[in-house]
Each structure stands twice: as C-alpha cells, then as structure tokens.
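The following pair of complexes shares a single chain, subunit A, combined with subunit B in the former and subunit C in the latter.
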Partner chain A sequence: MSFLTLVDISKTFGATVAVADFNLDIEKGEFVSFLGPSGCGKTTTLRMIAGFELPTTGNITLDGADITFQPSNQRNVGMVFQAYALFPNMTVAQNIGFGLQVRKTPPAEVRRRVDEMLTLIHLEEFASRYPYQMSGGQQQRVALARALAIQPRVLLLDEPLSALDAKIRVELRLEIRRIQQTLGITTVYVTHDQEEALSLSDRVVVMSRGRMEQVGTPYEIYNYPTTEFVASFVGQLNLLPIANLDRDARSCTLAGQPIRFEHSGDRPISDTPRLAIRPEEFWLGDGQERNLLRGRVETLIFLGAIIRVRVDIGDGVLISADLFNARSLNLPRVGDEVLVSFPVHACWLI
Partner chain B sequence: MSSKPNAEIVQTKRDAPQARPAMARWRDWLGVTPFFLFTFLFIVLPSVYLLVGAFRDTRGQITLKNFVGLFAPEILSAYWVTIRISAVTALGGGLLGFMMAYAVTVGGLPRWVRTILLTFSGVAANFAGVPLAFAFIATLGRTGMVTVFLKTVLGLDLYDQGFSLYSFWGLSFTYLYFQFPLMVLTITPALDGLKREWREAAENLGASTFQYWTRVALPILMPPILGAMILLFGNSFGAYATALSLTGGFINLVTIVIGSQIKGDILYNPGLGYALAVGMVIVMATAMMIYFALRRRSERWLRQ
Partner chain C sequence: MNTPTPRAKRHAQTLWSWFWILAGVLYFVVPLIATFDFSLRAKKDVLTFLAYERIFTDAAFWRTFSFSLQMAFFAIVVSILLVVPTAYWIRLKLPRLRPMVEFVSMLPFVVPAIVLVFGLIRVFSGPPFRLTNTFAGTNVLLVAGYVVLALPYTYRAVDTGLGAIDVRTLTEAAQSLGAGWGTIMFKIIFPNLRVAILSGAFLTLATVIGEYTLATFIVGNKAFGPYMSLIGQNRTYESSSLAIISFLLTWAFMGLIQIFNRGRAEGHLAGAR
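This part shows the complex of A and B:
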C-alpha cells in the first residue's frame, strides 16, 4: 500500500478549475516532483496535501489514514515555502525549535534537536542570528531545518529555490537531495524548473492546466514523453511538419527528404502529425542507421558547453541541433551547406 | 595600435558634461526649500523662543522660577490630567483602530470596506478643534440630537445616567473621533505586512491560532502597535482647541493652562507658559523618539 495517496482530487475556485482528476500514489521515502508552468495546479495540489486548501472532490490518504479534512496543524507534514517564511522575530534556533515548542517538547529535547538540525544544514554557528542577518540561501536552509525538526511524515517543498540565484540554487538542490536521502523522508517538491525536477526526483509528475500529463522517472519523462506538452515542456524539442506518412512502413518525408522512424504503436498520433527530435540527437555528418538531412546553416548560438546550430532543411523548415562544445569541434559557418543526421530510434511522431 | 588614442577618449569622456546638469540638482533643492523655510519659521524659531522665554521673567531677567513653578500642585495636576486623558484615548483609540484595521486587512471583509474606512480615517484623523467640538455638542450635548433621541424615543437620559460630554470621559470620547482613525492609518501598513506564509508555516508546524498570534503575529506587530499608540498619546497630549471649545477650560489640561498663562488677563505669566510648553515639547519629543525606535526595530525585522 502506498504511503501517500491522492484519489480523484479536484479543486475549483469559483468557475476556475485549478486541479482536476488528480490521482497519485507515492511510496514511503520517495521523492516526487510536480513540474509544470505557472497556474498548472501544482502548488494548489501541494497545498491540499499540506491542509491549506480543501479538495473540492477526492481524498488524500497518508499512511493509511484519511487526512482530507484533517486540520493542517494536526497532519505532521513539514512545508518549505518559496519565500522562506521564517518568523522574523525569532532567531535561527528559535525558528527551528518553534514546531517542537508548540508541541510542548521538553526544552532539553528541543535544544538537542535544534543542534542536530543545525548540524544537518551546516549552519551551527548561525543559531543566534535573526533571519534578516542571513542570505536567501541560508534562510532557506533554516526553513528546511525548521520543517524537518518536527520529524514530519511528509516533506513538502513549494518552489524553494526559485528566489535564489543560479549558483546557490544548484548547491542547495544537492543539499536537499542529500538530506532527503539521509533521512529517507517522503518528499513532494513543486517546481517549474525542469532541471530541478529531473535532477532531484525519483519520479516526476508533469502537470498542465490542472491535469496530470505524465508520471514517470526523469529518464522516462525526458526520453519517452507521452504528450506533446510534456515533450515540449521538458527539454528542447524539434517539432517538424511531415508528409507522405506511412505508418506501416514507419516512414515519411520531412521537407521532401525521406525519414524512417521507430514509432511505438501504442501512442496515439494527432491529425496533423509532426516529427519530434531532441536537438542533442543530431550529428553533423553521416552515420549508420541514421536519417540524413541536407540543409544550410542559418545561425550558430554559443551556449558554453553546447553550440546550437539552426539548419534550414528546405520548405522553410528549421531544425535545432545541439553540438557538445570541444576545442576539436570543426564548426560550420553560417551559410555553409551541411549534412545532419540522427538515429532512426531517436525520433517519434506526435 | 598605440594606447594614446584610448587615453584621450577616456580623458574626453571624463571631461564631458554630466548627463544630468548641475542645474537640475539645484532645482531639486529648490523644491524642498518651502519645507525647510516652514520648519525653520514655525518649528525651530518658536522652539528657541520658547526655550529662551522659559528662562526669563516678566522683566526679561534670567530665572529658573518658571521651571520651579512647574511643580506647583495645579500645574502638576494639569500634567496628570493631560497624561491620563492622553493614555486613555491612546489605549481606547488604539484598540478600536487596531480592531478596525484588522477587520479590513487580515479579516475577510470586502475590499470596498477597506477603501471606505481608510478614506474616512484620512479625513477624521485631521478633524479636530472647534468643528469637532461643535459636532459633538450637536449630537451628544445636553440638547444634542442623539441625547434627545435617546431620551424621547428610548427613555434613556444619558445625563441622568452620569454621562457628560463636558467631563473627563466626555472629552476622552470626543478625542476618540480623531484618535482611532489615526491608529487605523498607522497600523494598517503593519497588518498588511503580516505574511500569509507565517500563519501557514506556524499552522504547518503544529501551532494553534492562539499560539500563532501570541508567538508570531503579536510579537511582530508589537513595535508598530506600541509606536502607533505613542503617536496617539502625543496627538492627544498636544490637543488644545477641541478641549477648549468643548469644556471652555473646565478641564485643566496643560495646553489650556499654557493658553491662560500666555493670553490670560488674570493668570498672565508667559514665562511659566513657556516653561509648560518646554515640558510638553520634552514629553512629545520623547514619545516621538520611542515611536521611531520601535518603528526602526519592526522595519529591521521585516527587511528581506
């Protein structure tokens, strides 16, 4: 039996449907991310788990008990907020110990637990500081410690890194995963950042317009997206118009050039099918078991580790190809005629 | 390529006229000149005049007699009454104003109620003096509309019940008219600053509503609440026209005593009046300093 279960959850605000038909089973110790654009219902779902919102329909079960109508202060669920939400009138130690104090935990035990949490987040020397005396990253670590101090059954994180700068975000991301794995705590993480979701999670729930689009491991979500939304939202994707589709022969033409594909038959194809290929699947040049396309280099964009080459393959169709940067890379110039190729198995129809 | 041209370019740029001419900065100062002029003419000069006058007798000789006079029983009594009335109206107005501000901010009242309350408060906080006294006499005086209505329709004679508009409590009640709106105006921003996430975080950590208010919200709000109440205290402490118009000097407030010492025919002693005023300035300045200290503390907490 799953540890945290959401069954037929929906939430409406007036005429607006924020979440609909949400069903999810989360195992104990699992790290699940809700990934989607703003307004897709991911935070609303998290808030329903926390008890800040009441589902319009459906049930939430935690460790076998129905918590749908249980007040948030009785759920023993820890939450980390986007804007830290540290109590500004309390020191770091008082913030971390707050949950234990309101539970009437003996002072000695509160002190022991606070010290333990400070060690866990590597902020031992900051115990007597106030939130305004700390950086955003440090405050968010304190917020994490505060949520963990009460030994919650589930840890909820609502876009905890989005207010931080890029470098701190990556550091703290690793920290969150380390702590989660150390404690083995069941975690639900909300983010609109695909890199965060893919790098942290055991499973990712991709959401759009209040609905679940796909649930899977980061590998499945990235490599085998089941909907156009997932394919285009997670990672970069070329969606190219095709003609002369022959599903039996698994062939079509792209800008008049023949293409073979290995489309899995169980996936529905839309009325106006398009060929989907990740930019990193392209090579400059030929190769075995690969589709070949001829075109002219339109632009070269230097992105550091990656160089994005946009190639016009005719009929106004542009493809984006990501090449790994290396000093030995023989880059074409804008306007050069080039041959690009990609594996037959790397493309699919949407 | 030599480095000389670059150096010339740098030199040229450094010598270039400023993007914003100096004239513009001069014009900015011109804009605030009336403020400084006003402050100098009507705050600094009178304060100096008061201070000097407080140390002079009626013949212009330097003396400490005026300050010794402050310890006369009737003067001490005036200070005591003024402090009492200021404290009562600061507490009453503060409590009333806080509850109203709470209802339209943290509470669930519709937005239009907030707009109406804040607009009213903006006007009422500055509505004092003769018009306010007249308004209260017309409504709660012996023959005021409300008094007559209660007496004739409900059979309740306020004055028979011990109420008098011209007493300590009547004056306090009148002061509330401008005290609670001032509280609404000063405490609303602080209540707006209470983040929803603090409440949710507290709840999430297991706190009850009572625990949230006693351990988080009220400690955060305490500096601005106390600061606003001190402001109310000072506001009441300096009120003159309302009390004079309403009670005709029947209640012995410091401001009324000052008035009678400066312009009175019988009690004419401007030196004592100035000393009384210096005492008031000290009380008001202390109140303001405490207000700013508390506000600074609360702003520091809320800084991100």
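This part shows the complex of A and C:
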C-alpha cells in the first residue's frame, strides 16, 4: 500500500470547483511535484494534505491511517510556504526549535536537533539572528529546517522558491533535492515552474482547471505528453496545422510539404489534428530519416545558450527551431531561404 | 511690468512656508506658555512652583491619580484580551466582517459619553446585574465603560498591527508545527503585536487619565478627571499647574509610543536590505 493516498478528492468553494476527481498514490521517500498554471488547484490539493482545507469529497490516508478530518496540528506534516512564514519575534534557533518545544521535547534534545538542522542547511553561524536580518534565500532555508526539525512524515512545499531571484532559486533547488535525498523524506512540491518540477521530482503531476492532466516521470511528461495541455505547458512546442492526413501511411502535408510521423500519442486525436514538434528537434539542413521543410527566416531571437529561429514555411505557418549556441554555428540571416529538418520519430499528432 | 524670476518665486514660497510653520507653532505653543506662566504666579510678583508644590502635596491628587491609573490598567488588560483575539479571528476567518466591526469600533466617537454612562447606569442598577450598589461594582462598570471608550484606539492599533504581519500564513506555519490555538495566540500573535498593543495601551491610558463624564457619574470624585475639574473650579493657579502636568503626562505617553514605533521601523528597514 502507498504511503500517502488521495482518493476521489474534490474541493469546491461555492460554485467554483477548485479540485475534482483527484486520485494519487505516493510512495515513501518519493518526491512528487504538482505542476500547473495559477488557479489549477495544486495549492488547494497541497493544503488539503496539510489539513488547512477540508476536501468536499474523498479521503486522504497517510501511512495507512485516514487523516481526512484530522486537525492540521496533529498530522505531523511539515510545511514550507512561499512567503517563508518565519516567526518574526523569534531567532533562527527559536524558529527551528519551535515545533519541538510545542511537543515538549527536552531542552537538550531541542538544542541538539537545532544544531543538526543548522548544519544541514549550512547556516550554523546564523542561530541567533532574527528573520529580518537575513536574505530571502537564507530565510527559506531556515523555514525548510524548521519544517524538517519535527521529523515530519511528509514534507509539503508550496512554491517555496517563487519569491527568490533566479540564481538563488537554482541554488536552493539543488539544496532541497540534496536534503530530501539525504533524509529520504516523502515530499510533495507545488510549483508553476516546469524547470523546477522536472529537475527535482521523481514524478510530476500536471494539473489544469482542478484536474490531473498527466502523472509521470519528468522524462515521460516531457517526451510523451498525453494531452495538448501538457504538451504545450511543459516545454516549448510547435503545434502546426496539417492537411491530407493518411493515418495508415502515417503521412500528411504541412504548408503543402510532405511529412511522415511515427506515433500519435496514447489519447484519441482531435477532429482537427495538429502536428506537434519540440523546437529543439529541428536543425538547419537535411539528413536521413528526417522530414524536410523549406522556408524563409523571419526572426532570430538570442536566448543565451539557445538561439530561437522562427521560419515561415508558407501558408502563414511559422515554426520555432531552437539551435544550441556555439561559435561554430553558421547562423542564417533574417530573410534567408533555409532548409529545416526534424526526425520522423520526433513529431506526433494531437 | 516685470515678472518675478524663478529664483524670486522660490524665495517667496520658502518665506510663506516659514510663515505658516511659525503661525502653527504660535497657535499651539502660546496658550501653553501662557498657562505655564500663569501657573508660576501663585505668589504676587514672584515666579514660583508653589502651585505645583500644593498639587503634589495634596493627598487627593495622589489618591485620584492612582485610582485612575488602576482603572486604566484594568481597562487596558480587558481591552487587549477582548480586542486582540477578536481582531485576529476576524482577519483569519471572517474577513468580510471587517468593515462592520470597524464601524462598531468607531461608535464611541459617535455616541456621546453622557449617553453611554446613562445607558450603563440604567442597565446595571437593577437585576440581574446590580453593579451600582457597591464600590467594586461601580469600579467594574467604570472599567467596562473605559473599554468601550478606548475601543476605537485599541481596535485600530491592533488591526493595523495584524495587517503588518501575515496572520494566516504564520498561523498555518504554527499549526503545521503542532501548535494549538493557545500557543499560537500567546507565542506568535501577542509577541508580534507588542508594538501595536503598547500603542493601544498608551492611547487608552491617555484617554482614561483625563476622562470626566463616565468617572463623575459612576464613581464621583474618586477619579482623576473629576479631581481636575474640581481644582479648576476652586483653585486658580493649581488648575493651571494641573493642566500642564496633565499635558506633560499625555506627551510622555505619546513619546513612549514613538520610541516603540521607531524600534519597529528600524527592524523592518533592516529586513528590507
């Protein structure tokens, strides 16, 4: 039996359905992310696990026990918030030790555990500082230590990196994963940042409009999206209009140019199917077992490690091709005629 | 006709600014200086602190002042215990009720104290609460009246303090760490409202010390307000000295609020770095 189970969970606020038909099994020690845009129900689901919201239907079990109606302060679930939520009147050490003091842990044990947590987050010298004397990244590490100090059964993180700048976010992301793997703690992480979800998680739950769109490993979610929403939300995607579709021959035309494809996903194709191709699957020039398109360069966008080339392939159809930036790259100029190709197996119908 | 240069215009504006500042200062300070000067003229042709000496050696001064201080202390304690949990709960669970509670908290500004005191006496002089029959009862009634009078100050101060902290997230953080409502109130909410509570408390103290209407009708001359009034009616120079003492006390309370607020502002600035 799974460690944390959500069965038929739904949550409504008045007439608004925040979460519907949510079913998920999470194994002990697993890192699962809820990924989706604002208002998709990911935070509401997390808050139901924490006990801050009561599900309208369904139940939640943790380690075999039904916790659906258990008060949040009795669940032994650690929570890290986007806004850090450190207690301003307490020092770092007092913040970390708060949960232990609530549990009437002997003072010597509290001190030992606080020191252990400070070592874990590499902030040993900050024990007597107050939250307002620390940076956002440091405060969030303290919040993480505070949540872990009570040795929770599950660690919940609600967009913990959203308020931080890009560099700190990446650093802390690695820190969170390191700590999670060191302690082997079951973790549920809420984010709208696909890079965070893909880089941290054992499994990702993609959500939209209160429903689960797809559950899978980051590799599955990115490479084999089962819905149009997942395909377009996770990573960049070209969704191109096609004609002359022959399902048996696995062929069609795109802007009048012949295309072959290999698979069409696990779900039924819509009535007006479109061809899906990731921008990084393109290269300039031709090759074996590749579809070939002719077009004219419309724009070049410099993104640092990547250069995004937008090519007009006729009939008003634009494709985005991501090329790895290298000094040896022979870039076309805007207005140049180019050949663009992509592997037959890299495109699918949605 | 010559138009004034920008430099001349700016010069004129500066002069006008100083004129209005000076006018404002004179408006507030001249009556104070006059009162202080008058309070020093208890002896003919000599400037003396005799009026102050008489006040400070008057047993009634210390008796009424200490009585009003005690009443203020109880009013502050009751106000805090009543207002902090209420304002906290409204912010946390019933945010839609906030405008209504704010309106209710402002009622003491609208309803005159004389109406309040007659209402209190009428309701609490008969069964089931015969509070006007005993000294302890009238003291309780006076404290209750002061709590109502101080409500606009305490509620506003506490509500502003709650607005400065993320009440919901702090509460949820504490809950996730195992804390119950008692722990949350006394270890998280009250300590983080320290400055707001002190502001409300000092404002309550300043209000209660000089309060006349409730005190006169409920406890008579036991309180400091009626004592000040009595002195004002009967002893000319002492009443001026009392006005200055009362003024200094009020400003001392305001000064304390400023000192505590400054501490908080510096803390927040450090956090913003």
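Just so it is clear, the second predicted complex is superposed on the first by the 347 of 350 C-alpha atoms of A that agree within 3 Å, B and C clash if a C-alpha of one lies under 4 Å from a C-alpha of the other, contacts with A are read in each partner's own complex, and residues count from 1 in each chain.
Assume a residue touches a chain if its C-beta (ideal position, glycine included) is under 8 Å from a C-beta of that chain, and two chains touch if they have at least 3 such contacts.
What you see is a predicted model, and the numbers here were worked out from it, not measured in a lab.
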Between subunit B and subunit C, positioned on subunit A by superposition, is the outcome a clash or a fit? clash
Pick one for A:Pro106: touches subunit B only (first), subunit C only (second), both, or neither. neither
Regarding the shared-chain residue A:Ile150, is it in contact with subunit B (first), subunit C (second), both, or neither? both
Applying the document's definition of touch, where does A:Asn89 land relative to subunit B and subunit C: first, second, both, or neither? both
Just checking: does A:Ser72 make contact with subunit B only, subunit C only, both, or neither of them? Give me first, second, both or neither. both
Can you pull the subunit A residues that subunit B and subunit C both touch? 50-52, 71-79, 81, 83, 85-89, 98-99, 102-103, 130, 132, 146-147, 150
In the complex of these two chains, what residues of subunit A are touching subunit C? 50-52, 71-79, 81, 83, 85-89, 98-99, 102-103, 130-133, 143, 146-147, 150, 156
Name, in rising order, each residue of subunit C that touches subunit A in their complex. 165-166, 169-170, 172-180, 183, 187-188, 191-192, 194, 267-268, 270-271
Interface with subunit B, subunit A side, in the complex: residues 50-52, 71-79, 81, 83, 85-89, 98-99, 102-103, 130, 132, 146-147, 150
Residues on subunit B engaged by subunit A in the complex (per definition of touch): 195, 197-198, 200-208, 211, 215-216, 219-220, 300-304
